[in-house]
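Two complexes come next, and they have one chain in common, chain A, joined by chain B in the first and chain C in the second.
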Partner chain A sequence: MSSQDISVPVKCLDCRCELETPIVCTGCHKLYPLSMDMDYFSLFQIPRRYRIDVGELRHKFLSISRNVHPDFFGAASDDMKDLSVHLSAELNEALRVLIDPVMRAGYLLELSGGTSASQDRSVPQDVLMDAMELREQLEESSPDPVVLASIKEAVDRRRNALLAAIGDAAEKLDDGAEATQVQLRQLINSVKYFDNLLADLPAG
Partner chain B sequence: MAYSNKVVDHFEHPRNVGSLDKAAVNVGTGIVGAPECGDVMKLQIQVDDANNIVDAKFKTFGCGSAIASSSLATEWIKGRKLDEALEIKNTDIVKELALPPVKIHCSVLAEDAIRAAVADVTAKRDAKVEAS
Partner chain C sequence: MTKDASIPIIIGIDLGTTNSLVAHADEKGPRLLVDADVDDAGVMPSVVSFDLNTGQVTVGAKARDHAVEYPLTTVYSVKRLMGKGFSDVEDEASKLAYAVERRESDVEGQDLAVINVGSKQYAPPHISALVLGELKRRAEKHFGQEVTKAVITVPAYFDDAQRQATRDAGQIAGLEVVRIVNEPTAAALAYGLDRKEAATIAIYDLGGGTFDVSILKLQDGVFEVVATHGDTHLGGDDFDMCIMDLAVREVSKQFGVEIRAPATRQALRLFAEAVKVGLSNEPQKLLQIDLGQGRQYERVIEQAEFEQMIKPQVERTLESCGQALRAARLKPEDIDSVIMVGGSTRVPYVRQRVGELFGSRPYTALNPEQVVAMGAAVQASVLAGVRRDTLLLDVTPLSLGIETLGGAMGKLIRANTKVPCQVTEMFTTFQDGQTAVKINVLQGERELAQDCRSLGTFELIGVPPMPAGLPKIDVTFLIDQNGILNVQALEQRSGAKAGIQVVPAHGLTRDEVKKMEQDSIIFAREDMIAHRLIDLRNQVLFDTAKAVQVIDKHGDQLAADELHRLEEALKALRELANSSQDADLIYRQLEKFNRMTIPLANAAMSSTLRQGES
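Then we have the complex of A and B:
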């Protein structure tokens, strides 16, 4: 798998327009079913890598979604209606995964083969100890806004460091090194603890 | 999904919640986690010179089943010898608490925590013996 592996644009079978995405012709709205070799990146025709242009992703999502939206196919055959529903659902799921940094990294890990983060389940001991310590601080100091702010800062700092490391590891996946996969799995598993901590911090 | 009465009982009245002195040579600490839910569990044991577990404490930040599993684990290991504590299997906890399949990983966490705590205190003591 190459990080710049974008399929060559082909022409629409009906109107001969060049296809911007493999699933629909933006010229005549002919829909094409998904094929096995398509991944979420190829749906949007963006490079298959961690560091993506999120603005471009959103823009492409909107323009492609508009063209496959079921509202467009009210008068079409049942097959086309079904395909439009199916493709729309797939596009929504693709956006949901690609727009989230951790899910995007997990998806790249999945595409690179091997064990997924959720199958692996390993978390470095220091992450668990940090999470436990922050949990205990939170439990003991709940009403004090100053202490709460310092806990939140510590959680944010740990989480941001993990996100940066996830980005670096996900960009290195193409090396094919198993060590990178192992590291990325642990990082993805680790970030969950700090997400949960953030969610459990009182608002404000 | 409904929790069994035993889970609810342990959740509402958890046994042995708290902490022991992590730095003490006769205290073993096990911290384990389940990344799928972000639960984190700390289980500590205090042993006497004859390897009897004289006290056990836990702190679990997680779901009701994880709290119940660790609460039950501390009850069961108190008074046992270290090697007897290792005989506790997650399946025993599943059975006792009637955990549903989606919560079996909580019992695995409790078993892992016992193992980690026993390993910690054993390693500390070996280090002390070597140093003396």
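Then we have the complex of A and C:
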């Protein structure tokens, strides 16, 4: 299940350069179609785990974009143009998922065989009660800036705690315990409640 | 002029609401293409004027000069109508001096906004194509060869229909639009070209009719848009409108005269614009309108008063800035530099308020009118293969979704997602044997489909007849690097590509664009006389009908024999127009008749001033 298992060319078929990413040769800009079994981590050639170097991810994203973006295929054949558009779209999606801690955890969960958000929407009872209580406070005390600030602080605190728990659970996914998968799914589902609260707090 | 024949010439075009520019970049950098024979320093007014008598079309500064004399046949600010339905622009259209009409679309319940000029109707892309054609001609004159490819900029907040309409305009003008670039992104490209240090910048772009704000990260030649927001119906035109409204109100109060005539409104529009521009450098400015009969409306407008007038509009731009910052998850102090783009950022109050929001002095060293065209030219040079060291990574400004059961907007792609981006959604049938599925594609941030903008209906056809729910059709929505939507469908069972028929809600169909492209070529070669005759006959009808109206109302003020002569001439002219094939003769007689109506017009004017129009 690690990125080494996936068969991708190691050297460019045209110019024999070492491939930094399986979708393009940075030497001669030859594009390679995405294989179905390739995950986002192997696209960037970074280790498949929760704790990643975000700086490295961004750096790799920009470096690959420089080689696959359709703006550089203006003179290429229509097939190549299409391929560059689709690879760029895939690359953008891969960055979007991996750069966000919650989406990254959800992605790892599904890769490990866990449930998706549409399959399991459950949330621990205590989190639900907690979020509902905060929402009530928010609705009752809207105009008071001091109360609003304290609500925001409470939401932030809970959200950060959830993120920490998500990180710990996601790092344990490789052990293959089903309990970890179930717990992680619930933690991920919980974040949304606090995100919605933040979105409904007045800006400022 | 190009040294390497293998490198195609691709021009960069800023197609603006008020002005349009064309630029080109080689390895030395971008420069504006200026036609030395035209006195506009390369900043060409986006105005098209039609002479119904000669059939001649004028574009640019000369056309703008016609605006007061020929308000009905001089088309300006057409960008505000691009990709819009009539119902979208009805309010606005009533303020334009030329005639905008509803045309029924092939789609039920949809309509198009078209412009009536004499006997002809023009879709907005058609007018824009005439502007683009003039810029193309300038470029061709500069290079001494045909130019067929262009990068055209659009407001970042333009939706799919507005982008499509812009691309259609290019095609009608005989230009392959190799890329649509967002205006603030183009400006950032021109700004950051020679800067090496990493920075987070905001581009505040207030043009004649549109506003955008984009937040970008610049690093090693990569121009990465993080978030964008805007308003495609907010610009310097609205500042002019504030001054116009003031004058109209006060003239009505002081003199009991309503300023309604298209020509007067046009003149007032130009005065108002001059006052606005003057107030950028002077503390006060005098607005003078000659109402005839020795009556003068004179009004000193102070800068502070003007600032109060435009405050609501400026506040709206600041709210947009706040939205963009929130979407980027940044605070004002995270922005290293705010770049001012667009002629309307010359207004000191705008600069002041933007400076206050971001807590720093906005960067105003770039020529705000030229920078977008320069950036477009730089991007054109990337696409031409001249340079490879810069990369634009842009976002889609609006969420894309589909109408779900119950009329809700089901979001598939969120605003500020990097483009290109794609999402695949599965569709099925609701009835046994159903062979077609309709999908209403939406753009916007609201929850209900009816509050979002419908891009059109995509109909999947040729679905194999099966029990309800059994067919599985994967539909891929792809927003490309131009911000334009492409849809593909695949039926899973048969593996067959499902056919898609796209019915654009507000735009032109592919066939219509093709026909216009061909027509514009045929039009150039075709015998002009037939057209001229039709237009002249319509002009005769129009002018005589108008004269009859004025005679009915004010004819009693003319001497009896004068009135009689005028009525005879009117009758003779109508008969001539109906019977004669001699366009020159009709033209001469029409001119003569119009000269004869001058005393009548004067009589009408003075009595209007005496009584005020009802």
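Going forward, the second predicted complex is superposed on the first by the 195 of 204 C-alpha atoms of A that agree within 3 Å, B and C clash if a C-alpha of one lies under 4 Å from a C-alpha of the other, contacts with A are read in each partner's own complex, and residues count from 1 in each chain.
Basically, contacts are C-beta pairs under 8 Å (C-beta built on N, C-alpha and C of every residue); 3 or more make two chains touch, one makes a residue touch a chain.
All values reported here derive from a predicted model rather than from experimental measurement.
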Touching partner for A:Leu83 - first (chain B), second (chain C), both, neither: neither
Touched partner set for A:Tyr193, first chain B, second chain C, both or neither: first
Which of chain B and chain C A:Ala170 touches, first, second, both or neither: neither
First, second, both or neither for A:Leu19, with chain B first and chain C second: neither
Touching partner for A:Pro70 - first (chain B), second (chain C), both, neither: second
Which superposed partner A:Leu108 touches (first chain B, second chain C, both, neither): neither
Overlap of the chain B and chain C footprints on chain A, listed as residue numbers: none
In the complex, chain C residues that touch chain A: 178-179, 219-220, 222, 224, 322, 326, 379, 382-385, 388, 391-393, 417-422, 478, 480-481
Residue numbers on chain A that touch chain B, as the complex places them: 117-118, 121-123, 125, 127-129, 131-132, 135-136, 189-190, 192-193, 195-196
Chain A to chain C touching residues, read off their complex: 62, 65-66, 69-72, 74-75, 85-86, 88-90, 92-93, 95-96, 203
Chain B to chain A touching residues, read off their complex: 19, 31-38, 40, 42, 59, 61
